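A, B, C, D, E, F and G are the chain letters, set down in written order, and residue numbers restart from 1 in every chain.
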Amino acid sequence: MKIEPLDDRVLIKPLEAEEKTSGGIILPDAAKEKPQQGEVIAVGPGRTLDTGERAPVAVKKGDTVIFPKYGGDTVKIDDVEHRIVRESDILAILE
Amino acid sequence: MKIEPLDDRVLIKPLEAEEKTSGGIILPDAAKEKPQQGEVIAVGPGRTLDTGERAPVAVKKGDTVIFPKYGGDTVKIDDVEHRIVRESDILAILE
Amino acid sequence: MKIEPLDDRVLIKPLEAEEKTSGGIILPDAAKEKPQQGEVIAVGPGRTLDTGERAPVAVKKGDTVIFPKYGGDTVKIDDVEHRIVRESDILAILE
Amino acid sequence: MKIEPLDDRVLIKPLEAEEKTSGGIILPDAAKEKPQQGEVIAVGPGRTLDTGERAPVAVKKGDTVIFPKYGGDTVKIDDVEHRIVRESDILAILE
Amino acid sequence: MKIEPLDDRVLIKPLEAEEKTSGGIILPDAAKEKPQQGEVIAVGPGRTLDTGERAPVAVKKGDTVIFPKYGGDTVKIDDVEHRIVRESDILAILE
Amino acid sequence: MKIEPLDDRVLIKPLEAEEKTSGGIILPDAAKEKPQQGEVIAVGPGRTLDTGERAPVAVKKGDTVIFPKYGGDTVKIDDVEHRIVRESDILAILE
Amino acid sequence: MKIEPLDDRVLIKPLEAEEKTSGGIILPDAAKEKPQQGEVIAVGPGRTLDTGERAPVAVKKGDTVIFPKYGGDTVKIDDVEHRIVRESDILAILE
């Protein structure tokens, strides 16, 4: 069974806040209002443009992304909290 | 007799909150602000684009969906509370 | 003499709240914030799209519809309160 | 001398509130928040669409219309208060 | 030297409030919230549409217009207060 | 070194408030809420339309413009406060 | 490892506030509400237009830009606070 996000939504598994990425980027848990890192688990088909077509989502499954700590929705999968956010709320991809 | 939602609205029969899906996704009732699962009972024709055409709705009858606990409208059918929400409020499909 | 709604407005004669439809749908009067049923009496030409054309209204005279208890305007015709609401506020058609 | 409304504005001469139309439609003065009847005196050229063209106004000089009691602007012509409202605020035409 | 308004702005020289127009239209100064009359002194090129073209302004130099008493900006020219308002705020032309 | 404004922004050097222009236009400093005069120092490429093209900015370097006293941003260049405002906030050009 | 901003976002490394640029532009730290200077580190692909295409971002890696002191998000890279802001929030490029 899997979750298939709608519209331009993205399902994200947040990384532990104390985790330090290899490139030296730290997003400490103490800084509550700071953005968070996470792994993209599933991606929606993209938002519908005025032309009726879908704008492709700029992140893909497996990407590590930075996203705001608040906003979006929370769902629990196998006892782990995941986040569903809109693509437009994701700040950046870590490569 | 049946209910035919208008625009991009979707009629949903909420699943019992304590129900655990086979894939291990739990959306506990205690977490009042958490999204809810439900079964899609009927789907509107989709919202009208600026071009005058309808954008097809991304969910279909029988889908299990995750949707916000609040928002939308409530109607009672055969003594069971149902929800009418807009497609854009539905977070994801469970497959 | 008749009322001809403008834009995407719809003139509705509300059904008695205690009325139970044949399909078992009840919208009790006690639940003040719940949507209401009514009969469509007259329908406007539809809203003007950016292309200058009118988007046809999805309900027609004689339809039984579900619409929000509040919002829109109230006019009295032959001592009976009617409602003028926009098409986009109507939730569903009962068939 | 005459008043030529701009954009999609409509100049309306309100009917006396106690006036009862032949079809039995009453909009009593006591119900302060209720819509009002009036006669259309002059009509603007319509709002400019994104295409640069004007959307024709759906009411014409001489129409009896229902419009909200509040909103729009008031001007005095020959000691009679008139109203200037936007077309989109007019609810319906009485025929 | 002259003032050339930008966008869809219009430079207006307000008429004395107690002035009564020949057609019997009075906009008394006492009614502080009432619209005002004035003479159009200069007109901008019109607002830019999404197509990149300018929508022509519906008033021209010399027109007598009715406009809201508040809103827009005030500039003093030769000791006389003038108003700069957007075309969309002007209610009507007096002819 | 120079400042190159982005989008439809315009860099303005405000004129001394007590300065009287030759045409008799005064914008006294005492009237704190009144618009201000200034000289255009640099102009951005214009805002991007929905078509992807830039709408040309209606003012050019050297123009004397009237702009609101508040709003926009302030930067100090050679100890003189300058303003960065959007084209849409500029009221008029003085010629 | 690098950060790849999404949409029209720009990653900026703020310059020390007391730093004086060669052209005499000072943006003192004391003036808390004043805009800030910074160096562009990475640029997103641009926002998606209604046509489905991307509007190219007007700044590039290495540019020195002026941007508002507040707004956007903060991330820490190698112990240095960086900012992620939208292109539309950047005021100007210093050349």
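One rule holds for everything that comes next: a contact is a pair of C-beta atoms (placed from the backbone, for glycine too) under 8 Å apart; a residue touches a chain by one contact, two chains touch by 3 or more.
Since the structure is predicted, the reported quantities are computational estimates derived from the model, not experimental observations.
Engineer: What chains do subunit C and subunit E have as common neighbours?
Structural biologist: A chain counts here if it touches both subunit C and subunit E, which gives D.
Engineer: How many angstrom between the C-alpha centroids of subunit D and subunit A?
Structural biologist: 51
Engineer: State, to the nearest whole Å, the distance from the C-alpha centre of subunit A to the C-alpha centre of subunit C.
Structural biologist: 41
Engineer: At which residue positions does subunit B touch at least two other chains?
Structural biologist: Residues 50-51.
Engineer: Listed in ring order from subunit E, and going the way that reaches subunit F first, which chains are there?
Structural biologist: Sequence of chains in the ring starting at subunit E, next subunit F: E, F, G, A, B, C, D.
Engineer: Where on subunit B is subunit A touching in the complex?
Structural biologist: 21-28, 34-35, 49-51, 53, 55, 58-59, 66, 68, 87-88, 90-95
Engineer: Please give the residue numbers of subunit B that touch subunit C in the complex, ascending.
Structural biologist: The touching residues are 1-7, 9, 11, 42, 44-45, 48, 50-52, 73-79, 84.
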